[in-house]
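Naming follows writing order (A, B and C), and every chain is counted from residue 1.
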Amino acid sequence: MSTQRPKDLLRVSGLRKHFGNQEILKGIDLTVNPGDRIAILGASGSGKSTLLRCLNFMETPTQGQIQLSGQVIGSERTLRDGSIQTTYSERELIRVRQRVGMVFQQFNLFPHMTALGNVMEGLRTVKGMSQDAAQTKALEQLARVGLLDKASDYPARLSGGQKQRVAIARALAMEPELLLFDEPTSALDPELVVEVLRVIRKLAEEGRTMLLVTHEIGFAYHFANRVLFIADGVIHESGTPDEVLKNPRQTRTQAFLARHNEFKF
Amino acid sequence: MYNWDFAPILANSDVLGMGLLNTLKLTGTALTFGVPLGLCLALLRLSRWRLLSMPAGLLVEFFRTTPPLVQLFWFFFALPILVQVEMTPFVAAAITFSIQSAAFFAEVFRAGIVSIERGQSEAALALGMSDQQAMRRVILPQAVKRMIPAFMERSIELMKTTTLVATVSYADLLFQANELAQKTFRPLEVFTVTALIYFTVIYAASLIVHRVERRLAISGETTVH
Amino acid sequence: MWAYPEALLAGAAGTLRIFVICLVVGLILGLLVGLGRYSKLRLAYIPASIFVEFFRNTPVLVQILWFYFAMPMLMPFEISPLMAASLGISLNSAAFSGEIFRAGIQSLESGQWEGARALGMSQTQAMRRVILPQAIKRMLPALTNRAIEIFKMSTLASAVAYVELLQQGKLIASIHYNPIEAYTCIALLFFIFLYPLVQSTYFLERKLRQSD
């Protein structure tokens, strides 16, 4: 265990993920520093969502190591053939998920709770906060995403953009060190995308560490300080937005961007 | 031409009334025990450990596959000898139907829980909830709402199945009817009236179920059958 | 218990006999009832509906006893246990099958009808060549479930002393005072026979859903 303060928030080494016979992630190395805003792009099936889902252990890695603030997640064992096998305990993963928040493409709000109830749920059930403390905090978060007036509405009454903003508030309430966004606007009608992107941009300005899987290339350019292009389960190209999006070096990156040519800088 | 005579029926309406009460008592008892037991069985079946899920699954499948009357006879005649305990007809019947309905309710619960999209449990887990917390706070509350029509239908089925106890001399409505028919030599009137009583009660119950189903459908809930 | 294979065999034969009778009658009658419920003619719809509502909402055992004890008062001839039990079970399953048939036919979009009629088919031809074949595929799981239910209901015939498996079980238990072995054996026989069938209906269901 190193005694100096780790600079990086998240360090991923050699991440591989199999589903049955198929290898989706074929060795990912990634370092995330506090305040990083990383946009992850790629074609469907490239493994970008799987990568994100491994970071809060919604999927457990088949191989590789993930460190959160210098702490290795899981217990490692060196096998006879020299390879390393990591086992994860449910309790540890639960604690990790309190530190790493996720916003889903399909929002996944709890329909049987109001917006306020949704945002409070993690605080009450996971963090064990009292009703009053949780409510105060939840209202704060709803105000931050601009939905204070919708606190007592049920998800069924909310538009897609509002639902996603509540989902963001729900994740924020847990005060995560790292926020993961899995294509947060892909399921939204075009007019509603803007309100969600606006909230995400505000979070970026506040200096939150975020990883964003998205198809909104224009937004990625303005939002990110680093862009990763995933293809075939590996990071095909990475760099600043200018490097990857304006002057991509790899042909596959160029081809991908050419296909999504409706963005404007 | 047959001479219909309903007088003996009316004279003995209290006997039939008692029978109806006993039918309802049995149905109610079976439901009271069957529902919680069914929930336990469903959760056991959904558990990750095969040590828990397999016996539960076997129990459920066994009680759903074997004919209810065979089960009743077993609990009525075989069980008392096996455990060396005397049982009143009511107790034997109550045990049989509790376990039997638990098996069916277990399937309803399981289908309901499984019908909740993965996204819900993912969101719960992503917040840091444990499996139990996710089940308790997010999955079950939603599942129960969907299962209400199936529950009500199963309960009505249960009421129909309780007539089987007439064959093992528990004094439910059908048993009383049979006794009365033999006593008064008026099987036609007795059984016709009995059939109509059952029909009225069960039909009324099923109308309520349809109402509830429609209400739930309007409010946008999908339902499980 | 094993000393009486003939008794059990006789019981099994009885069970199968009543099963086949009720299955066939239940399905044929059910088809008629289903068509009646689907029809626009009030002459067909109303009796079919009354039939369905009555026989779905009355317990089968009540019906069996009615046919065995009550109906002979109206009829000049004897009703055997087999007849009474068959009537009760068949009519009950006809009511349920009828609804299955109706739902199956209704579930096909009107486009199928239109396609058939546009080709110049008559109502009957359309029903026979286009609608029913597709509907039957959809109804198969529910109908196989019904068949399994009928098989289980055969035990109710023991209430009127018809010789089927449970009745034989009762007989053996009363002669040898071994209800535990007798009824356990009967239960296991049913389970061993029905469980594979139930599993294959799940399999069938999945297969059919895939080919949709």
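The rule is short, and it goes like this: a contact is a pair of C-beta atoms (placed from the backbone, for glycine too) under 8 Å apart; a residue touches a chain by one contact, two chains touch by 3 or more.
From a predicted model like this one, the values you see are computed outputs, not experimental measurements.
Any chain that touches chain A and also touches chain B would be listed here, but there is none. A summary of chain positions shows that the Cα centroid lying nearest the centre of all protein Cα atoms is that of chain B. Taking each chain's centre as the mean of its C-alpha atoms, the one that lies farthest from the centre of chain B is A.
Rounded to whole angstrom, the centroid-to-centroid distance between chain A and chain B, based on C-alpha atoms, equals 47 Å. Averaged C-alpha coordinates put the centre of chain A at 55 Å from the centre of chain C. If each chain is reduced to the centroid of its CA atoms, chain B and chain C end up 21 Å from each other.
Listing the residues of chain B that touch chain C in their complex gives 2, 61-62, 64-71, 73-74, 77-78, 81-82, 160-161, 163-164, 166-167, 174, 177-178, 181, 187-188, 190-192, 194-195, 198-199, 202-203, 206.
By the touch rule above, chain B contacts chain A in their complex via residues 119-120, 122-131, 133, 137-138, 141-142, 145, 220. For chain C in complex with chain B, the touching residues are 53-54, 56-63, 65-66, 69-71, 73-74, 151-156, 158-159, 166, 169-170, 173, 179-180, 182-184, 186-187, 190-191, 194-195, 198. On the chain A side of its complex with chain B, the touching residues are 56, 58, 90, 94-95, 97-98, 101-102, 104, 106, 108-112, 121-122, 125-126, 156, 167, 170-171, 174.
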